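Consider the two complexes below, in which chain A is the common component and chain B and chain C are the respective partners.
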Partner chain A sequence: MATTTPTRPAAQGPDPHPTPVRRAGTTTALIAKVLGLGLVLGLAIAISPTLIGQSRWGFLAIVWAIAVLALATYAGRRALPAKYILPGTLLLLLFVIYPVVMTAKASTTNFGDGTRQSKEETIAQIVASSVVQSPDAPRYTMTVATEGSVTEGPFTLFLVSQQDQSLYKGTVDGLEPIAAGDVTVTNNAVTAAPGYTILTPQQVNAANATIKDLAVPTETGAIRPLGIRQAFEGTTTLRYDEATDTITDTRDGTQYTPVTSGDREFFTSADGRRVSDQSWLANVGLDNYQRALTDSTIRQDFIRIFIWTVLFATLSVGTTFLVGLLLATTLNDSRMKGQRLYRSLLLLPYAMPGFISLLVWSGFFNKDFGLINSLTGLDIGWFTSTFWARTAVVLTNLWMGFPYMFIVCTGALQAIPSDLKEAAAIDGASGFTQFRKITFPLLLVTVAPLLVASFAFNFNNFNAIALLTEGAPFAPDNPEAGGTDILISYTIRLAFGAGGAQLGFASAISVLLFVLTGVIAAIQFRATRTLEDVN
Partner chain B sequence: MSPRVLVLVAGAALLTTACGGGDTTTPAASGSSAPASSAAAEPSPSGSAAPVRSNADLVIWTDELKAAAVKPIAAKFATDNGITVDVQVISADLQANFVTANAAGNGPDVFTGAHDWIGNLVQNGAISPLQITADKLSGYAPISVAATTYQSKLYALPFGFEAIALYRNTAIAPDEPKTLDDAIKVGQAAVTAGKVESALNLQQGDNGDAYHMEPVLTSMGGYLFGKTSAGDYDPKDLGVGKEGSLAAAKKIAELGEKGSKVLRRSISGDNSIALFASGKAAFLVSGPWALPDIQKAGVKYAISPVPGFAGQKAAKPFSGVQGFYVASKGKNQAFAQEFVANAMNTEASMQAMYDGAKIPPAMNAVADKVGADNPDVKVFVEAAKGGDPMPAIPAMQKVWEPLGKAYSAIIGGADPAATMTATGKTIAAAIAAAG
Partner chain C sequence: MTDKTDLTVEPGAGTPTSRAARPSTEPIPEVKLTGARWWREVGWRHLVGLVAVLFALFPVVYIISAAFNPLGTVVATGLIPTAFSLENFDKLLTDPGRPYLRWLGNTLLVALVVTVVQVFCSALAAYAFSRFRFWGRRGGLLTLLLIQLFPQFLAAIAIFSMFTTIGEVIPRLGLNTLAAYTLVLFGGALGQVWLIKGFFDSVPKDLDEAAVMDGAGHATVFFKIILPLVRPILAVTGLLAFVGAFNEFLLASIFLRGERVKTVAVGLYGLIDQDRSNNLGVFAAGALITAIPVVVLFQYLQRFIAGGITAGAVKG
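Now for the complex of A and B:
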């Protein structure tokens, strides 16, 4: 706060206008506070109906907990430390802790393609989609009517056979023919029936959950509604028995029981046929971690990719820092003319969106049609050998990253007091010695934490790999791990790759990755702390 | 010093996170397409990044290309039934977005998609089978109905074909080649004469492309999956690593970088069509999606189905079929069934689909009418009818990447037989491991 309490002369007694400056400050602050809290509350109120509508009780509780916390902290004058800590803590909880916890949770399941639903849902779907149309049975033009409520039923189906226009009335009790005079028929559909309310299309749609399960029993199966104005005759061919956990095919009596295959179960018959490709979400404990740590291919891939990831991040930070520092030092010399122009030009790669640069560079590296080979006369298959692909990735990342290091170094260099260098010069130190003994150590104090951050960023620099090489080159016998894959691109291929989503397994790898990155960052930050001793 | 550096760092950090976070390209749900129905629709929630269903009596998700075609049909359906219909454009990764949204109960009622999604959608319980009688499907090309039928159940109403064919630059190759060898011969002569840079653009890139290589594989007698007695693809009968695929591998090696250099890894999805459009390639293997670029570039071209090699079998590209699906957890399933089974299933709707999206039609009557004065469409429909439906079984997902990478390695000079055999084993192991 800029407003300091003016020291009031004590002798003058009560001041009729006590500290007007301060009051103006509080009024602005008060307005800001009221607006801010009002906004938080307003937002909470605004999204509540949607959340209630979707039965998202957990989210609702969290939203209101945040709103109440904000109100409690900022409305009163107490809890001053909390006012500073709360926003950061909330953001940390929401965007760091929560995803980590959810990832860890997912890593103990077999969640992925084919296992997205619960067992109950899966069984219900398998049984429901086993309806087979009775051969040669007619289709009916259907009108849904009710003697009760249009939302609850009981519902009656008025049916007009599309074969011979004969009229029927169908309920859960059965099908009975009706005379043409009993109802009004327009365009081969029943449009009015005494004693019944005819449902509008919207009402049929709204009550679909009840109506679609309405099966009018017939001799050869059951007549079921299809859409809003049609009905067909069909039979459910599968039946589930909860007591024995068995699905039975009613046509030939084949029994399907759950059999484990890999990390999931399928309803399988005695001779090995599956009733469906659908499996379900299940808890697999630490199986995913076990697979990641013991499967020989994955373990080898993981170690190899980990080494390259560290190398990639180190090289990226090292080369960009070197080039950035070199340019910054050169342009920092007062004898240099046109500093501003050069500085602006050097920032250009940074101003271009990374996506575009990466795709353009990917084209540059094309063996037969790319700019690099045609300019230099080389004939390098950049993305076909691991060595050249890695070189290409590091070169491109150098181009993408050096402006950042240039900015950072320029800022840090300008902040180093020139008297230190003058003192060194007086002591007879050469330009290089000055740089080595004075400038560089002082520079590192400010830049080192940024190097750590940059390392962590490149450690997970998915774009650089995905948009440039997609992990290529790959050995033909190992399509899951390529020569330039870093851990994050490898994980994403496992999770969402063309081989089908293995979200549970990929979560386990992510948790391992999280631990690894955390440990590396901790070590690096500890190392940079020693640099601060220079000051 | 420190505030200045801090500001720089903060700015830089913002930039880097902005770049880093960008890979999750969430499709913009441009849901505010006002349904032209009589009933006033509530405006769709706009500005949300992840696709969320809008609030209407029937919600249809499709991609940008098809939205213009679906909208008038949907609007008519809305008027006929006195309801509101909203067509939402999902600009990227419709399948994955649909599966996630559907599971969360936020998905659409109807969506459009390729038939080879069916296996994955069924194993995720994301779609409902359709009950359309055989006579109501008799107007469609049989292969389109076969492709959208999975384990004896129909899951989508077909409307369009996707298949690859052979484009030729008629200034270089005026006559339709009878065999792929003829095409390569003409192309190579043009390369030698300095008229073009590439004889035949068959995009592979560094990671290979099993889709575009399929005509070569099938002409040499290879196959991906055999069929069960019921007519479904059989994941247990894998053709990769067997005799035909080895012959194909040998052929690819002969045409590769250590051989006649017709197939090159430097020709990828990024430049294949562009090179042909700029007149730098004699032949191009690609689909109808290449037409706009080629027509715009003004190069003189003609299209014919991809022929086989001399003395070998006919080349069979993959036939892809685009269709309408009913979501398993849509909020308006009755309207969804009604829309797909009845409103879409008419010649007028199918004609409107073609007029709006220009995808070669699957309904015979429309294909005949359009094909009468558009030979390109006629060829693509023929190519699709002459191909094999792309396998929709989940096991196919284990094939694409390894097989593509094997093709790429063989083009680069890896031992054809050993590579193909090893890839067969890799794929078989991956299929077995997936259960």
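Now for the complex of A and C:
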């Protein structure tokens, strides 16, 4: 940093050769501009056919809105501030603001496992999976391929008709013929297709649970896999009637109509049998919020977790600040030797990557072999009692956070003019009175905003819980809310945990969490008075 | 230090950072204290310091001890190393089932790209907010401050759904790809605007004006004059952005499931979660290699950190 000398035109007076500088700058700028805009436009053009093919109009609109915005901003000479603000703002809008809006939207749906698809898609699949094989059903040689992962799909079936060798590509969305030149066919089977990974027989076997239920809807029925190399086209036994919203079984005439159960609907017969356990994405209004605030178990969980979240953030800030301040006042003495060494060593917990610290500490609390029990001779089951698990969380967070407060307090202490203290000493104030009446209030002015910021950070400190206790301990009858869970770790478990994704409900909790974070933000604004300082 | 450093590192006289960035180590001429008086006034401070250092260091010592312990189990590991061997490192680096170096490479790649994009976008926007007067400037600044308080991962569910859709159109940008994960972290592109703007404000406007008189355009002023002057703050914001991306776990654990695309945070978590007692040694070896560069970076930039964090950033 100190090795390069910045140009300082102000000190040199008028530059005798201004023109070459200017020309160089303009040329570079022009090249950068043309390349950048070309890239944006090129990407937009390249992606458009796919988007149109998949009828993703919203996506297409966003892509072109970005391209047009970039052109409008950078092609002309006007809108100077926009040129500097646009890149970051676009990224912020796309990956922060838009997801927040979508979270709010998802919170009014039943989005989750079993309800990811629209009603139309669900009906098409229910009907397609009722395929039965007749003796003369057409057969196909099947190749399973994917554009995604070989274990999870989405899977595409490449089919070669065993009657006339015509080629098809089938997905859950339907069947489409493909030209012979698009794929490589060897021995009447597709062996390569650009953009796709062909699954080996072993991989097909491994993912068979998903693949065997694949049904490619066709006009008269559906094509379904038969083993791992063949597929057959059969006729469906279920028929859907849009006018009455009924699925009818053509074999025995049973009628299935949508019946609500919980937050979702199923096609159910008059005697209560479901035609399928598949449901679909539907709008549920404010039901998720109502559930969070009125369902007695969930409300209890929510309130208990909320209280602990506040307590956890308060304790984290309180203990780290106390220890940091104590160390800063103790070590900030010019007569001490080795201050620099102390600072370097005490910085270590802050400098260590947080996830490593948390995982290491998590091992320390092992009841039988953990370092804490063996060093202290205690026999505490740290993660089996809520009290001890919470103690462990706070202790770990103290270790991770005190260096930050130490650095901050040291900085604030050194900024307090020493004449103030000297004046107090002359007036006869003792060391402690000096600290209480002069040093501490002055220090607090500087540090208070950081304390609130630290509170806000810990309020949503997912890692501190997820990597240390994973929310443990859990009551045997409640695997969803653990003793050390804070709101964010609870939300993430609801959304992505092993108990099945309740994405809609978890979104509602996220929105509540947004509101709570907003309240903290308001307090923070008040504390820092930043609002008044903006200029 | 030259006056150049004064101009650039410190946002202005009178703020608490101005001295924090330059700890006074010059001994003030004093009477040498001896015996009981020394102990009462200075000695006990060393005792407190020593206790704090022990508390700060014991987990670090434990990691080192575990990393070099050939047995590699929790039962056989204590604070004091009993044996020395590189076996854990060997296991870590040679097992094809856990591509540790790949994880580390992934993390470094993601963190570096995110750092560059974040610092660059923030510096660009900070320049506009500092030097131009335009409609929506004040509102924009306040909005940025507000948004910073909402962690991006609160919207994790929607981000997850969004990239499920994107993946169906552009498989290379779907879930389980580093590109998508990096793109998500770009959402924090304006995270450092306030910090950098504070330093831009402290660069005298005369400098820009003189350059404009000399015929420089706005881009030249930004790239050739202002940016070089605020390098120290770019280093600090870069460090904060880097550490933030390096430590990110939540989104990575949702996005990156395949062994080869994992970041080191997700990878090491999987390693220790799989078998907490027997994988300790290998985990510690990995943790040590991972932590060293970050710790060194922190020590190197230590003198800027106090100033940087007091000016309002919190390590993620």
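In this section, the second predicted complex is superposed on the first by the 322 of 535 C-alpha atoms of A that agree within 3 Å, B and C clash if a C-alpha of one lies under 4 Å from a C-alpha of the other, contacts with A are read in each partner's own complex, and residues count from 1 in each chain.
Here is the rule we go by: a contact is a pair of C-beta atoms (placed from the backbone, for glycine too) under 8 Å apart; a residue touches a chain by one contact, two chains touch by 3 or more.
Since this is a predicted model, take the numbers as computed values, not measurements.
Engineer: Which one hits more chain A residues, chain B or chain C?
Structural biologist: On the superposition, C touches more of the residues of chain A.
Engineer: Mind working out whether A:Ala193 is in touch with chain B, chain C, both or neither, as first, second, both or neither?
Structural biologist: A:Ala193 sits against neither chain B nor chain C.
Engineer: Just chain B (first), just chain C (second), both, or neither: which does A:Ile305 touch?
Structural biologist: Neither partner.
Engineer: Contacts for A:Gln133 in the overlay, against chain B (first) and chain C (second): which applies, first, second, both or neither?
Structural biologist: First partner only.
Engineer: Check the residue A:Ala521 against both partner chains and state whether it touches chain B (first), chain C (second), both, or neither.
Structural biologist: second
Engineer: For A:Pro479, select first, second, both or neither according to whether it touches chain B, chain C, the two together, or no partner.
Structural biologist: The answer is first: A:Pro479 touches chain B but not chain C.
Engineer: Is A:Leu450 touching the first partner chain B, the second partner chain C, both, or neither of them?
Structural biologist: Both chain B and chain C are touched by A:Leu450.
Engineer: I'd like to know which partner A:Gln202 touches here: chain B for first, chain C for second, both or neither.
Structural biologist: first
Engineer: In the superposed arrangement, which partner chain does A:Leu51 touch: chain B (first), chain C (second), both, or neither?
Structural biologist: So A:Leu51 only meets chain C here.
Engineer: Check the residue A:Leu92 against both partner chains and state whether it touches chain B (first), chain C (second), both, or neither.
Structural biologist: second
Engineer: Touching chain B in one complex and chain C in the other: list those residues of chain A.
Structural biologist: In chain A, positions 54, 350, 353-355, 362-363, 366, 369-370, 404, 407-408, 411-412, 415, 446, 450, 453, 457, 460, 462-463, 466, 496 sit in both the chain B and chain C interfaces.
Engineer: Enumerate the contact residues on chain A facing chain B in the complex.
Structural biologist: 54, 113-114, 116-117, 121-122, 125, 129, 131, 133, 139, 200-202, 204-205, 208, 211-212, 225-230, 232, 234, 261-264, 266, 276-279, 350, 353-355, 362-363, 366-370, 381, 383-384, 404, 407-408, 411-412, 415, 446, 450, 453, 457, 460-463, 466, 469-470, 472-480, 496-501
Engineer: In their shared complex, at which residues does chain B touch chain A?
Structural biologist: By the definition above, chain B touches chain A via 1-2, 4-5, 8-9, 12-13, 15-16, 19-20, 22-23, 57, 81-83, 96, 99, 103, 105, 119-120, 122-125, 128-129, 131, 133, 153, 197, 206-207, 264-268, 270-271, 275, 328, 332-338, 341-342, 393-394, 397-398, 400-402, 405-406, 408-410, 412, 414, 419, 422-423, 425-426, 430, 433-435.
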